[in-house]
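The following block contains the structure, expressed as structure tokens.
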Amino acid sequence: MGEFCMPSLGADMEAGTLVEWMVKPGDRVRRGDIIATVETQKGLFEVENYENGVVQELLVQAGTEVPVGTVLARLSSEGMAPPAAPSVPGPAVAVAVPAATEPAVKPAPEVPPLPPVSAPKRVPISPSARKLAAELGVELGAIRGGGPHGAIERADVERAAQEKKAAVQAPGPPAAEKPHPVDYQSGMRQAIAAAMSRSNREIPHYYLETTIDMSAALRFLEGENLKRSIKDRILPAVLLLKAVARALAQTPELNGFWIDNRHQVQESVNLGFAISLRQGGLIAPAIHNVDLLSLDELMAATRDLITRTRSGHLRSSEMTDATITVTNLGDLGVDTVYGVIYPPQVALVGFGRISERPWAENGMLGVRRVVTATLSADHRATDGHRGSLFLEALNRHLQNPEQL
Amino acid sequence: MNGEEQKVRTTYREAVREGIREALKKDERVFLMGEDVGHYGGCYATSKGFLQEFGPERIRDTPMSELAFTGAGIGAAMGGMRPIVEIMTVNFSLLALDQILNNAATLLHMSGGLFNVPLVIRMATGAGRQLAAQHAHSLEGWYAHIPGIRVLAPATCEDARGMLWTALEDPDPVLIFENQTLYPMEGELSVSAGAVDIEHARVQREGRDVSIITYSASLYKALAAAETLAAEGVSAEVIDLRTLRPLDDATILASVARTHRALIVDEGWRSGSLAAEISARIMEQAFYELDAPVERVCSAEVPMPYARHMEQAALPQAETIVAAVKRMVHANG
Amino acid sequence: MKKKLPHSTADREHGLRLLQQMLLIRRFEEKCAELYTATKIRGFLHLYIGEEAVSVGVMATLAPDDAVVATYREHGQALARGVSPGALMAEMYGKQEGCCRGRGGSMHIFDAATRFYGGNAIVGGGLPLVIGLALADKMQGRRRVCCCFFGDGAVAEGAFHESMNIAALWQLPVLFVCENNLYAMGTRINLAQSVTDLASKVSGYAVKSEAVDGMDVLAVEAAAKQAAEFVRQGKGPYFLECRTYRFRAHSMFDAELYRPKEEVEEWKKRDPIVLLCDYLRKEEILSDADLERSENEAAREVEAAVAFAEAGTFEPVEELTRFVYSDRRTG
Amino acid sequence: MTDAQLKEMVFRGLRQIAPEADPTLLLPDENIRGALDVDSYDFLQFLIAISEETGVEIPEADYQKVFTLAGLFAYLSAALAKKPS
């Protein structure tokens, strides 16, 4: 079933008004036929069809303005003998551009208000003089500024230091204590603290756990990676991310938010990928539309995201768009992770270490490389049965890695 | 003689001419192209006698088509030559700015690294000869804004003689600006003078109280100002930038860290000038070394007038430099 | 009215190859239009549909080490010159597997192997470049043709007049190919040129010139062969005006308010591909099976190009400043 | 590539992925990833850097052999000895 969408006719075209349909339901259309006219700020355009088929349904009447990508009509391809030249199976015309609905408004995490600053009378002082005063342990209040508008300059500080030394004759100036390093983490630490405590306060967590045999998945991955140069090698974590995205198709209610006591399931699958920062602290920016990405695209997106996270170049959308978070502590040798959900999301998937463990199967005992996958979920939005369906689907996808 | 290098008297013009001549002799891919470079011997006589010595193939007079012969220089460079394009003055280079910006500076990056443009373009620049507004621009700062090209401003005979060869060896386009008032300037060159580095600025005069940062013809006004200030107990350091892109931040910042004051002298107009860029970099990277705001002495923001007294009033002068430094240093009352 | 075509005898393979090249360009450009509406290709996109005979006819007469400089409507030149469709499509997808790592896009296609010195988005911007390339060849004693494609719009630019004069003055080996498609974006030629017969217009520069029917690939090829030979023998520049027409808008976002639909339909009757097919059928060179094979071949190449582009990857942002200066130099 | 160059290259690569750690303190048979708190992503970047410098692409199956400095050096010198210089 093909979809005919409002085409983008120019780099700066946001929307178009459908002026007139040139076809009606039941009409046969071929590649290259003009099936509608569209009005944009640049003028009237004849819009070309790209898929052979039969018009099933016109979804938008003449005269309405819709954003680029909106589905205008449905075409079916049955009843059409394939043309002599095979129709080029180029990408489906209808790109599933997520309808530009208003993203649900997410309340900003509370940040404690800044304490009011009492404003002492500001003494103008040159930066160099301020630094020198600190080095020489000279009190700024004690210096008379000789610069413009009474500004304090190096000369003033040097003179004050001389006077102080002469007056006190104390043994050597006091050692300037080492300025304590500013803890740049404090901002991030506060934000994490606020989110986590709100999560525990408001979200009734339930936890589910399952152990997944990773042999098939890892064998597949090792095979795939041998075909690729090391630069394009795919990490096991990427396989797990893709499996989570695919499993969510079975239980879409785990992919979304709980806001104003309403469960808001999201259509696009944006996985929050927990990345640890070397100096401590953790950020879980979103990888968008993981369900639409191939393994190679997902690996590239992950690599780009980690690099930009570590260099502090994240986009605001990546900080707020995650619809579910995945935390993978496999590197640190932890078997099981019972994670805390990032509000307002309604679920969090955790993966522990991939390790060799004894495995019993149809009466035989063997050794398999396994991983423990856990689901923390918000009991207001889903219940254990749906959670276990998700984990079961996750396991099934990892047993058929080729389809990921 | 304590084995000190044997020196010879010369002029800036002669040094430029020798630089071109040496390049033409050392590499047969090198050729000179521009208006009146051949039969006329060069508008500033920097290629006098070359037509006879090297012939019309390598000393090419061009029609008055700055855009086309500059573009031809770019094409020839891509075709394996090492052209020296002479645009008579920066004032006429505005016609060729499209080729310089959209082709020369951009091709390597836009083609994903496929094509280099090993081209040198020389232009006269600056005011001071009563040539009035259309022939007295100082637009090096514009070109120093463009990623993909290098911009040089030789102030001394040594640099006028030695920068060209290093520029010709550079795989990327290099622009060399020669202030027209410098051509008759006398100076000394060692007999074995040759190629010089084009990456670093140079401290021309050491000092403790202020760093005067400048380039090209303004260098000599700054040195004159420094002498006057010395007599009044103010020790001024003078830095010759030599390269306007990339700027040698290290030398600039090291100097400011010593003197805690910076004055930039730039013949361009103040707004959006190269001086503005240098001032911003000092504020960004040496803020805690500053004991006074960074000052700038630039040309007055007027079209350059013809009358001599008016033109001199518009241009940076040693006196204005001295006044600015005094303000910064004696601000202490 | 029987279309009169020059009777130069194209042998069977040569005729089919010309057809194959034109078909590839036509299907490639149609796919670009589709991908643009699906937001896979962005920015500006100028399609070559209708002018295929010019690039295919001229490229057939150029040698591998001749140089080519073109404009922003250069997909036809690039494909006819041998740039891989995959590298071209990936470039428009902004992927680093593109011919310029995704940095140039549709208007700035470059290729070192085929000495394709680019698309150029400044009207007339390539003309000074080509005379420089020709000057380098001449000074180094190489017998090569430097071929430059440009439109009737460029004829109004200063760069054109300055370049024509220098090319004639210094007798440079330049083949100027003017694709006169009657419109400079939205300005018809009679509203832009005092003399619209461009071939005769350039006689003022003492440059050998000729006009040819730009819809007839065999005519273009014959004229281009003669022109290229003239230039290769060092007899100086040659100006070949190809009178052609573009069937699609100037670019993707152009409502074509400036030209009547009837005029477009009239020119479509002389579609260069249809003209060649009619001729080859009349000469019993082309069978229906040949045409179908050719269509399938074109479809396969376009499909492969799209797949290559889809599978491409994005250049890491860390490479942003690479190639601003040469790696050897950047400190 | 001499042993000294190999050592210098490996340490440079380790400093790249663990800037604040000091790789020279690593014992020959200590687990690099554990000691320097290096996750699988960073370890892959490290191997990519090594492959760019030496041309040796270490397959996943051999990861076990290169978790320690001693193992890594032995593996690389063996691989380099086999490769035609």
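Each chain carries a letter (A, B, C and D) given by its place in the written order, and its residues are counted from 1.
Definition applied: contacts are C-beta pairs under 8 Å (C-beta built on N, C-alpha and C of every residue); 3 or more make two chains touch, one makes a residue touch a chain.
In this text, all values refer to a predicted model and were calculated from it rather than measured experimentally.
The interface holding more C-beta pairs in contact, when A-C is weighed against B-C, is B-C. In whole angstrom, the spacing between the mean C-alpha positions of chain C and chain D is 51. Chain centres here are Cα means. That of chain A falls 43 Å from that of chain C.
Work out the mean CA point of chain B and of chain C, and you get 41 Å between them. Taking each chain's centre as the mean of its C-alpha atoms, chain B lies 48 Å from chain D.
This structure has the following touching chain pairs: A-B, A-C, A-D, B-C.
The touching residues of chain D, counted against chain A in their complex, run 18-20, 33-34, 37-41, 44, 47-48, 51, 57-61.
The part of chain A that touches chain C in the complex is made up of residues 7-13, 32, 40, 42-45, 47-48, 50, 68-69, 84-86, 88-91, 93, 95, 97, 232, 294, 296-297, 300, 303-304, 307-308, 313.
Residues of chain C that touch chain A in their complex: 27, 30-31, 33-40, 42-44, 252-255, 257, 292, 295-296, 299, 302-303, 306, 310-311, 313-314, 316-318. Residues of chain B touching chain A in their complex: 260, 287-292, 331-333. Remark: chain A residues 126-131, 146-148, 153-155 touch chain B in the complex.
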